[in-house]
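Across the two complexes that follow, chain A remains constant while its partner is chain B and subsequently chain C.
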Partner chain A sequence: MVRIELDKVTKRIRKNTVLHEVTLKMHEGRIYGLQGVNGSGKTMLMRTVIGLIRPTEGSVSVNGRILGRDMEFPESIGFLLENPAFLGQYSGYENLNMLAGIKGRALTGQIKDCIRAVGLDPEDKKKYRKYSLGMKQRLGIAAAIMEEPDIVVLDEPTNALDESGVRLVQDILRREKARGALVILSCHDIGILRELSDEIFRMEAGRVVEHICLNDERQEEGGDA
Partner chain B sequence: MLRQMIRMECRKAFRNKMFYTAVAAGCIITLFALVYYIGIYQNELTMMQADDVNPMHEASGLFNFWIGGEPFSFGSAAYFFMFPLLTAIPYGWSYCGEKRSGYIRTAVVQAGKKAYFLAKYTAVFLSGALAMVIPLAFDFLLSALFFPAVMPSPVYCTSTGIFYDSLMSMFYYTVPLLYVLIYLLIDFIFGGLIACISYAAACFVRYRVVAVILPLFFMLAVHYLRQFVYISAEVRYKEISPMFFLRPVQAAYPASWAVILAEMAALFLVTFFLSVIWERKHEIY
Partner chain C sequence: MRFIRYFLFDLKQGALHNKALLLTPAAIGALVFLDFLFKAHRYLAIGAIEESVSYGDYWFYLYGGMKEYTPGPGNAFSFPVVWMLVFAAVPFVLLNYPFRDMGGIGQQILVRSRSRSTWWLSKCCWNFVGTVLYHLMLQTVGAALFLLFGMDLTYRIHMDFIRVVYDALHEELWERSALPLAVLVLPALVSAAVNMLQMTLSLFVRPMFGFFAAALLLLASAYLMSPVLAGNYAMAYRCDWMLKGGVTGRAGLTAAAALFVAAFLLGLVRFHFYDILEE
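Right, the complex of A and B next:
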């Protein structure tokens, strides 16, 4: 069972407090939406959960193990943060195959299935640098889910996608949830966020100001979950 | 994990156009030296055929006509001036690029910071080392097709450029091939370390071009220091500039193991500390 706990996480970068005493819990098999305007701290919160940045105060734990103390990064995590970034000189499949080769968790067939699942052709020899924005985004999503991670973090996954792409993302997220993954999602489209999420954390100026439970119609306002 | 990461980084380092470009550019530069010395050797052959002169066979051979054995040709001057650039071009820029594009995020979470930074250091080192040595080995082998591998004689030390106090002069006049191989090994290690300057610089600079050019400026700065070190005409100094002591021939002052090893150690410690230990402590945005 996967469980993420943020305990009074504060992150200061120079004099700016980008996260302010964020406390929340997340469980497997659920989709958590992060809602908020630009600069509200959604991406920073995601970076903290991934382990890319360390809280100035407080702690992030995954299954009871604290990031940065007991482990460097969560053992099983896939993510797409901001813009997808791959190596321009390789094709989509080559890029994913190379990344998968590090841990050796995803087999060739699995990688190809993932690429197909996002609407791309794994046999396409086109170099990544020649991909359109939408194709890059799709490949980024494929990279996030190819190893069937326990935690999936997607920052604006519908960026640059057309309608069919958005539907594809929705289907993928539902499948990930059904598989038992813990999904953290941020999206500017409130409609999509509400449709997909089981719970939504609304953020403002680095604080979680509202916690909305959608699937059991429970709503807590004004602070931590 | 580290082994897989090193394999992946090496694949990225060696299967890219920049590596091929740097090696090809290095090989082309060495051809200038070869063509120049083929002309010189033809003249010397003509002179050797004269009856009443000493043919001086030992003064004109492979070991002092290949690019590493002579300091006079344009090819030799250009190669040993440009090598910091040629070693950084293959892969020295990669960390800069991966940091800017955000690829580093995916790679470090997959592999862990330690494996990522160590693998990157290894790949940058190997790419720079090979980019330095392949053109030299290419020139040596190609030169061997044109010049006889006669055993050099210390009698003609003014032609060979290896004097009694030159580094490994004993090897040069007894087992010259071993001398060349040892020098290629020294150049291999220095080529790798100089490429790592580019990787270490990428911790501070944003642009790949700057990271690639920096090792050249660093080497020029060390070379410039010579005029402040070599102030007495009476002291027999040791060579401190890699632009000179990486040449298998003595270009100015004699090289010394102490200076070579000290500079090697300093370069390794500084680049390894900055790019692997110091950079590992930083957060990734």
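Right, the complex of A and C next:
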């Protein structure tokens, strides 16, 4: 079971308040959509959940353990933020294999399956630097899900993808949800966001201004922003 | 185990695959060698020195620095070009890797490793190894050119050459004939400490400002001979092994170690709260 709680999270960067008293709760087996214009704080919120930035005030806890105090990063998390970045001189498989080696959780077969799942060929020797934008994005998604993490954070995963790529991402996200992962998703396409999300947090100027529940399952334990 | 994997990754990506780290010292080594060779031939031709120079003289030409500067009318500060080039180039080529790594695949590695301390420790070790590699490359290129030109490849030094190059008075310097190990390693250690300071400062200000601070420390060290300015210990000429009343090698080792450890600890604390953003 995974549970993420943000308690009055405020983040100021060089006198700019990028998150303003954000309070919300998220649970496993659900997809949480973040909706908002550029600069509304979606990516900052994701970075806070991942542990890459520390709140100026308030706290982020994962399963009751506070990030930055009880642990530095969530135990099981996969993410894709903005532009995926891998080592240009390695192939897609080599990049993921290197990453998987850190935790030793994903096996060779699992990595290859994951690469196939995003529509790439794990046997392709093409170097990452020669990948198209769409291929880079697909590899970034594969990296986020290959270890079957409890939490999956995807920032604009459909960027640079064609129609078939977008459908593929939708299928992947549904599978991640069915597996029991807690998925946090941001997407400029409101249609896709509404189709996939169980709950949507609409953000404006660093605040969660609206909480829309699209799927009532477990709503009683859902967000209270 | 996690640290070793991390460190090997940094070593490969940040040092062995870092072309600038390998090519910059090679280019500087070759340029300084040509300058050194030209001067040595000229001094020999006009009778300012008695015999051909050795590798030890080239090493001293790289790391000697400058004699103490006494500000006053008619005594303009002359910039120690070779020494500044050698010492300021290394923080510059080591400047970006940690921050590039933090914004790229290193971000994935950092979150998977779940430890900011391991990341920082690995970057500090990489910084040290990168600095040593830079100086080794600088010296290896010099040694290769000495071999190529059929010159004397020993750590022998010629005091007449040093006196001419540094415009030294006879009574200022001890009579030496070869470079001892302690003198050989001190500049690289001080250089590693200055680079650590730069990396730590870059967690507080933009990396380029961290570089400016390191360059300023080196420049201030050249301007003022003082035991509190670490760059003095990286000038072989100003060490008491060579210069009567110069800074001591033991103090240099202590200062380098203290600066390195202080920068490491400060960075460790700072990185714990550091926001990892894509700039």
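To be clear about the criterion, the second predicted complex is superposed on the first by the 217 of 225 C-alpha atoms of A that agree within 3 Å, B and C clash if a C-alpha of one lies under 4 Å from a C-alpha of the other, contacts with A are read in each partner's own complex, and residues count from 1 in each chain.
Just so we're on the same page, contacts are C-beta pairs under 8 Å (C-beta built on N, C-alpha and C of every residue); 3 or more make two chains touch, one makes a residue touch a chain.
In this text, all values refer to a predicted model and were calculated from it rather than measured experimentally.
Superposition of the two complexes onto chain A shows a clash between chain B and chain C.
Judged by the touch definition given at the top, the superposed model places A:L52 against both chain B and chain C. Of the two partner chains, chain B and chain C are each touched by A:E72.
In the superposed model, A:L161 lies in contact with neither chain B nor chain C. When both complexes are overlaid on chain A, the residue A:G101 reaches chain B and chain C alike.
By the touch criterion stated above, A:E82 is placed in contact with chain B and with chain C alike. Applying the stated contact rule after C-alpha superposition, one finds that A:C114 touches neither chain B nor chain C. Within the three-chain superposition, the chain B stretch that clashes with chain C turns out to be 185-193, the only such case among 41-49, 149-157 or 185-193.
Taken together, the two structures place residues 47, 50-54, 72-73, 77, 79, 81-83, 85-87, 89, 98-99, 101-103, 143 of chain A in contact with chain B in one case and with chain C in the other. Per the touch definition, chain C reaches chain A in the complex via residues 2, 5, 9, 13, 17, 103-105, 107-116, 272-273, 275-278. Across the complex, chain A is touched by residues 1, 4-5, 7-8, 11-12, 16-17, 98, 101-103, 105-113, 115, 283-285 of chain B. Across the complex, chain C is touched by residues 13, 47, 50-54, 68, 71-73, 75, 77, 79, 81-83, 85-87, 89, 95, 98-99, 101-103, 143 of chain A. Interface residues of chain A, counted against chain B in their complex, comprise 47, 50-54, 72-73, 77, 79, 81-83, 85-87, 89, 98-99, 101-104, 143.
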